[in-house]
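Multiple structures are listed underneath, in structure tokens.
Each of the next two complexes has chain A plus one more chain, namely chain B in the first and chain C in the second.
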Partner chain A sequence: MSKPEFVYVTFIETTPDKLWQALTNGDFTECYWFGYRLDSDWKVGSSMTLGKGGNVMDECVILESDPPRRISYSWHPIYDDDMAKEKPSRVTLDLEPRGKVVKLTVTHQDFPEHSKVLPSISGGWPMVFASLKTFLETGQPLSLDPTSGT
Partner chain B sequence: MDISTFKPAFVYTIYIASTPEKIWQALTSAEFSRQYFSGFAVELEEKVGGTFRVLMPDGSLHISGDVIVCDPPRKLVMTWDVNWPGLIEALGSTLVTYDIEPSGETVKLTLTQSHDRELSDDILSGGRAGWPAILSSLKSLLETGKVPAIQMEPPLKLLAALKEMGIKVPGM
Partner chain C sequence: MDEVFKALADASRRSLLDRLHADNGQTLNELCDGLDMSRQAVTKHLAILEAANLVVTIRHGREKLHYINPVPIHEIGERWIRKFERGRLAALSELKRQLETRDE
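Coming up: the complex of A and B.
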């Protein structure tokens, strides 16, 4: 059996530099990530928070930073007691130019057995990436309700 | 055909700012598929037991199948068999399901690729690489009216695994 992990790929008509900015700039993420801000100086070892309206939802640490190719951070939701008790998992975002588009791959791994975080992020990443793609290609985010869980 | 023995091997979800009807049309008509699916033409007989075909840009048959569930614009299930000699004998049939559901002001499209046996990661790498490119292109087409060209790498692991099983891939 392979270890539980979540991998998702999308292709976006943009440049690696613009995509890097969209993934790491809080003003940018607020536009397409359903109002969530990512805040960090993006240096390895630094903290990163994901929050909305001043409330921190996830406390993360930057593990790798190689602009505009790869960013990796720990992932630790604190808004839910059961998820807060789980050890942090690991998110890696890979950006690869493919002609006029960029291939964006998220690999989310290092989950414990019976993780409550894994089903949550499996529903979440496709929404975030779909909205990001729409935002970069049309200038408008997707109108989605991320709390619907579907 | 008994589909109860098929288990999902790959699932891909994408959200598209469109309507279920337009997504159904894009998934089932050659006019759309030629634009987002490498120039391939999709042909669907819209009824249970109908035929499903994908033709290469030169008109030759690439994929053929039978429609198992046809519930426009919500659900389409069909067999999806690539027309390479010996492929079905070695891998069995492939089952493809599209689920189309409204989600907020967008539509959630879920693709599920299922098989009636365990297949290796190398064999499955073809679908894992191909579906995200096809469905990302479909999303761009419906949202922006155009499809950005994606430079794809040949599916080397899949081709090597097929060769190992004695399956000849045309043109390779």
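Coming up: the complex of A and C.
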């Protein structure tokens, strides 16, 4: 495996089980992932789709599943012809309890050279993370006015 | 959040972040290469950046790789920048970037 293109880490005041649910339940992802639903049975080899408003944007495959510690899936956007032709990259999410918080690490790797997908998503994870953290810690997604309710 | 500001309040540490931003996932040797800083000093600065969660390390084979982690900086932005200000701020910083030749 090539070295990861990027690694993002955040600490969220929650439990590994709740975080796992937030990462794998479409009803939850819709709340913080800017309206996107992730749908899968989360078994190794199963498909996983990421979609919005009934349109499938990414067609992925579950590569590793070890609840509530690690999930890994291929990442394959299909909404753009060039991206659809690209070899899928690989996303890995690691959950580690650290006292009252859970350390969440996302690693994204195996992009082909001159990838069009890489620049399209590298800014996206911190946004998803920030929204996920707010959602789990306050019950509110970040898209709401951040000044209301703390 | 104090840790993040303290970690950023040092030009050497900011330059280490710049180096990782330009080329992410470097070993300690790669990071030290061409720097006017002792290996010990780099190690010390990296430890402070790591404690502030601005740098994360992973094992890749036999190597320990350093990555810039923009999440805490993003959280600072989220705290004080409102959603509707983002477009205007992006336009302003793009204007600044285009008008200034130096990026310090």
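In the analysis below, the second predicted complex is superposed on the first by the 139 of 150 C-alpha atoms of A that agree within 3 Å, B and C clash if a C-alpha of one lies under 4 Å from a C-alpha of the other, contacts with A are read in each partner's own complex, and residues count from 1 in each chain.
Following the convention adopted for this analysis, a residue touches a chain if its C-beta (ideal position, glycine included) is under 8 Å from a C-beta of that chain, and two chains touch if they have at least 3 such contacts.
Keep in mind that what you see is a predicted model, and the values were worked out from it rather than measured.
Asks: Once the structures are superposed on A, label A:Thr107 by its partner contacts, choosing first (chain B), second (chain C), both or neither.
Replies: A:Thr107 contacts chain C only, not chain B.
Asks: Just checking: does A:Glu5 make contact with chain B only, chain C only, both, or neither of them? Give me first, second, both or neither.
Replies: After superposition on chain A, A:Glu5 lies in contact with chain C alone.
Asks: Name the contact category of A:Ala130: first (chain B only), second (chain C only), both, or neither.
Replies: both
Asks: Shared contact residues on chain A, chain B side and chain C side combined as an intersection?
Replies: 7-11, 126-127, 130, 133-134, 142-143, 145.
Asks: For chain A, which residues count as touching chain B in their complex?
Replies: Those in contact with chain B are residues 7-13, 98-101, 103, 126-127, 130-131, 133-134, 137-138, 140, 142-145, 148, 150.
Asks: Can you name the residues of chain A that touch chain C in the complex?
Replies: 3-11, 105, 107, 126-127, 129-130, 133-134, 142-143, 145-147
Asks: Inside the complex, what are the residues of chain B that reach chain A?
Replies: 12-17, 101, 103-106, 108, 128-129, 132-133, 136-137, 139-140, 143-144, 148-152
Asks: Could you pull out which chain C residues touch chain A in their complex?
Replies: 24-25, 53, 56, 58, 60, 65, 67, 69-71, 74-75, 78-79, 82-83
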